[in-house]
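Below is one structure; the comments refer to it alone.
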Amino acid sequence: MAEVELRHVTKGYKDTTAVDDVSLAIKDREFVALLGPSGCGKTTTLRMLAGFIRPDAGQILIDGRGVTDLPPEHRPTAMVFQSYALWPHMTVADNIAFGLRLRRLPQAEVADRTARMLDVVGLPGVTKRYPSQLSGGQQQRVALARALVLGPKILLLDEPLSNLDAKLRVRMRDEIRRIQQELQITTVYVTHDQEEALTMADRIAVMNRGVLQQVGDALDIYDRPATAFVADFIGSSNLLTGTLRLAGARPVAQVGDARIPVEADGLADGAAVTVSARPEDMEVLREAAPDAFRLDDTRLVNFGAYKRLLGRHPAFGQLEARVPKAFRLGDEPVYLRFTRARAFAGDERPRG
Amino acid sequence: MAVVTSARAVPRRRRFDRSRAAGVLLVLPSLVYLTLFVFIPVIKAFATSFTVRDRDDAGNYTYRVGLDNYAQLATSDTLRANVIFTVFIAVTSVAIVFVIAYVIALALRFGKGPTAKLLGRIYIVPLFIPSVIASYAMITFLANHGFVDGILQAFGLPDGAFPKIVFDWKGIVITQVWLSLPFMTVLLSSVLLEISDSLIESARDVGASSWQIFRHIVLPLSAPGALIGVTFMFLGVIGGFTVPYLLGPNAPQMLGVSMVYYMTNYFEPYIASTQAVAIFMLSLVAAVYYVRQQFKREIR
Amino acid sequence: MAAQAPAMPAIRLSWWIDDPRMRRMLLRLFGGALAVFIGIPLLTLVLWSFAGEWFWPNLIPTQWSLRWWQEVLENPRVIDAMVLSFTIAPVVTFLTAVVAIPAGYAFARLDVPYRRTLLLLFLIPNAFPRIGLYVSLAVLYYQIGLIDTYWGVVFLHMIGTLVYMTWITTATFRSIDPHLEEAARDAGASPLRAFFSVVLPLALPGIIVASLFSFLASVDEAQGTLIVGTPHYITMPVLLYTLISSFQRPVAAVFSVLLALPSLLLLVVAQRYLHSEYVAAGLGRV
Amino acid sequence: MKRWLRPITPIVAALIAVTACGGSAPNAGVSDRPSAAAEDKELVFYSGGDTNVQDLHVKQIIPAFEKATGIKVTFTFLEHGTGAQGIYDRIKAQSDAGKTQWDIDLWESDTGYYTRPDNLFLQVAEKDIPNLAKVPKPTLDFVQNKAVPYRGSSVVLAYNSEKVPSPPQTYDDLLAWIKANPGKFAYNEPSTGGSGDAFVISMIYKYSDYQKYVTQPFSAANEKDWDAAFAALKALAPSLYSKGVYPKGNAGTLDLLNRGEIWMGSVWSDQSTQALAAGQLPKTVKITQINPAFNGGAAYIGITKNATHKQAAMKYLNFLLDPAQQSFIVTGAMSGYPGIDWQYMPSDARSRFSGADKEYRLWPGGTYGQDMQRLWHEKVAQ
């Protein structure tokens, strides 16, 4: 139905750059999640898409047509707000029908489309109620219905689930995805919750400090993080800083006096790097071995389905590894081996 | 042994409620003050309104209890005209203040330019000017052959063409507007501040124009708070004296002025008290409305 | 998928509101008109205070003079009245705060019995016409010996300020997250300590605004003071009443300027507290 | 003087009626020491009114009196007389308590207080105050000799001499002039100042016999004559300023004269003379009196019945009535009429009010006054 494109979009406030030269193309019917910590510029990006904020530079195109200067009321976008922003003085039906009435649609059609939309969001029969009489999840559905009733080309959602409890959040996650699939609508979804992004979106765009870090599907992002920030932000990682050595058969990172074999695409010898290794990519050994590092002060944290082994290494500091739930610590020392580690340019630890 | 038994026999007393006790204690001083300096005088005024004074031909007075004062209030053409006039002035000034204050409040809430800043600075000034001064300034400003008239005549307005504003209802309304503007603006500003941006943005998102947003979102959302301001100002205008006394017409009079005249010049404190009670009853309708609004908001 | 909604009608009657340039222009016009409406009457007063002679139809005084200023400032009663006005006002404000703040706190936080009825009672001072109230009160004052006393005037001024301060502080206290206070209690603070070190500082802007209003209301009060304060407690506005009633226009103008000046000075000082958020902290939210 | 201060003395008068039974006024400072029968060394004087009254006593009379007699005067001034009832209550409380040494010797206040049935004031006679002989008898009779009139003023006609070359000579002339010059005359709302009352009272005297009001006690029957007067006033309204706008207060009429809005109005003699002297009215404004005159009144000072310093009080009043002191009242800032007959006044004082007749008629006020004002509002105001 609609494609969206951001071209070199930049927006700054007083002395910070909220969105820094972001380019992103969203395909028709695609569900894209904008993911990042708070203050990363994802909401600003969304609001520029909606038209509430004008970018300082760059262009926004919908179906190839420039909309950069259009106000929100003239864009084919519909937004669902974090706080739902349901008008408290209107009933559910009035909230949904407001946009239709502004367009002077016949009474019957307004009623019909309102009722149908409530069916779509799975909330029939609450038309006469006021928002304050609904639960959080119900309000969320009404907000969704209100956004969708005008038949927008693009649906924009700004952290829509952040005000719900954990159980409901999971349910609404599936519900929103279902509705998106049913209506086949291009959707941009802003969240700071990686689980939401990973489970709902076709593609995820990770942002940090106004800069787009990586765009890709869930697997790309998890397995092949483009930056140390992505590696750290998605899932969890052991992060170490050191120097890249390309002299040997395999590239290694020199961390203190220890060396870790790493994957390092396109990085030069001697470059300062950040090494990232996921806990599940750490092998636990009971005895010394080449490339294995002895852990001190070990302890176990139980996660139910699995356990995490935590310990300290003189050169690396704190390390963690994922171990089966049957794993137990004995008196003998424990060694860790990096089965897979990636090196990223720069030795500054990523900050959110 | 016996002691234990008797202790058991005593039913468990309701836990001493500290919050309630503290609440009573903290409210008590103001309650004592209000009782002494407001409630008792008000009750006295009520009693006075039921005192009827008769005068014989030689000017001697006799007193009795009765409803005659109220009957007089209801039947006297002058007094009835005064009541209508008072309500008219109150409604008109409240309406005008409301509109002007709303525009300022909107500019303060949504405007960002230098004009909005200027508005924010000047609207508050009358709050700092005693009403006596304001009335006096308005007389010199608006009188026929006053400041404005003089300027207009310098621009060619014929002598005598300037409308009668001072000693007329217009004078009261204009001065009342001048004086009440800060209060109403402040109140409406606070009400508008409570309307979150997202409620307005979501309306824009579904395609509402600025006017439609105002008409369908901002106005209805601000209505409950705004009505409180209206109630307050209405009460103030209805009972006011200084402004209508200095700027009003000879007749009809606003009740505040009429009351003072009955008290001072006509030597009829009983009728005056009756008028006070009548104004109070009028105000009470507004006050009860105010309190009900408050509780509605609280429940929300 | 529902059908695309039709486009909006292109032209509306309210087009000028939607056109930002038109809107800006109208707002400027409005701002200018308001500035004239509020400012010029006051400036006329200032002109009058320096007028040696000013007869119709001259637009400005034909003779300038400081003699009215001299006359007013040399009059000891004017100084007395000024001193009285500006010493009564702080006392009224302080006493009001002492009585109203606890009540405001109780209404906001504590389980006060008959709260609804009490709040209604608190409205009576505003609903009952002041003149009627003052006269009734004066009778009472005669009986208890408060007539023509300093405290009689102070208590009379408190009628208006007390209710006002109670409302604003109630709203202010209610807007403060109760968890903050609970956290302080949790950390071992007594209720009083928690109030003074956590709640009160947070409520200060609202309290300052309420105090400011009380101060101004006290300086403004003429009608009641006239009744219970004479002959020994003549405040500035009472004296002004006299001057307006007798034919002393320039003197009254000088006086008005004198009386308005401290208040306007207060306005400048208080400017930073006068953001709507604070000012109205409560008016509408009690 | 207090007549034109009426607008700013609201309400307190009402307390008279309401607190009639109340009054336990403070009797602080009541001294019970034996009377200083021989020579009073001090005098306690309570006064009230406008600034110029205070100035007259404080700046003029008292210093001269103290210098002449060596008596120390303790002077307390009640701003525009609003606290009068409180002072009256204070005197009455001492009377009720049976005290023989009251703490107030002299009291200057509204005429009505002196003749109240409470009988709190001393009847003065020529043997005590020799200068009383110079005082016109009717003004003394008016208060049953319980107070001494020491200055006066009356309502006069002020007019713009540029527009009105020959002012009206009688009330009927005035009425004819008003009708001939619509919109150019104003009298203020009676409840707001005595100069407005005077115009109305003159109309009442046109339809009702003057003697009934100054020689007989109140009788409601006399008010029956008023209907015709009010009807005439109502009929006059279209010819008045702005088709029947009555300015507020005595100052209101002067204000209109000042702004050139009207050419003629009824004003107080002293107030307008002062305003002219201070340059607050254009020099073209002149004053004159019609015949028979508008009503006016005298300001009185009374000696309390059990005054501690009776002798000193009498001395002060006698001093006040001396033509030399009386001259200050006429020629000074006060611009008042003398309390004594004009014939005893020096010639420069006599020339002060050249335009005015210096005579005035009386008006009993009281119940008549209250009724007149109420009826005016009901039947004339629009």
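In order of appearance the chains are A, B, C and D, and numbering begins at 1 in each one.
The working rule: a contact is a pair of C-beta atoms (placed from the backbone, for glycine too) under 8 Å apart; a residue touches a chain by one contact, two chains touch by 3 or more.
Only a predicted model underlies this, so the values are computations on that prediction, with no experimental measurement involved.
Listed by label, the chains touching chain A and chain C alike are B. The chain with its C-alpha centre at the largest distance from the centre of chain C is A. Distances from each chain's CA mean to the overall CA mean are smallest for chain C. Between chain C and chain D, the centres computed from C-alpha atoms are 38 Å apart. As a whole-number value, the distance joining the C-alpha centres of chain A and chain D reads 90 Å. Computed from the mean C-alpha positions, the centre of chain B lies at a distance of 14 Å from the centre of chain C. The set of chain D residues that touch two or more partner chains comprises 10-12, 14, 18, 255, 259-261. In chain B, the residues that touch at least two other chains are 48, 145, 207, 209, 212, 246, 260, 263, 269, 272.
Across the assembly, chain C contributes 5, 8, 56-57, 131, 135, 139, 241, 244, 249 as residues in contact with two or more other chains. Interface residues of chain A facing chain B in the complex, by the touch rule stated above, are 50, 52, 71-74, 77-79, 81-83, 85, 87-89, 98-99, 102-103, 132, 146-147, 150. Across the complex, chain C meets chain D through its residues 52-53, 55-57, 75, 77, 131, 134-135, 138-139, 142-143, 145, 147-148, 226-227, 230-232, 234, 238-239, 241-242, 244-250. Listing the residues of chain B that touch chain D in their complex gives 48, 55-59, 76-78, 143-146, 164, 167-168, 245-246, 249-251, 253, 260-269, 272. The touching residues of chain B, counted against chain A in their complex, run 196, 198-199, 201-209, 212, 216-217, 220-221, 223, 300. Within the complex, the chain C residues that touch chain B are 5, 8, 12, 14, 17-18, 23-24, 27-28, 30-31, 34-35, 37-42, 44-45, 48, 56-59, 98-100, 102-103, 105-107, 110-113, 116, 118-133, 135-137, 139-140, 155-156, 158-159, 162, 166, 191, 216, 219-220, 222-223, 236-237, 240-241, 244, 249, 252-253, 256, 259-260, 263-264, 266-267, 271, 274, 276-277, 279-286.
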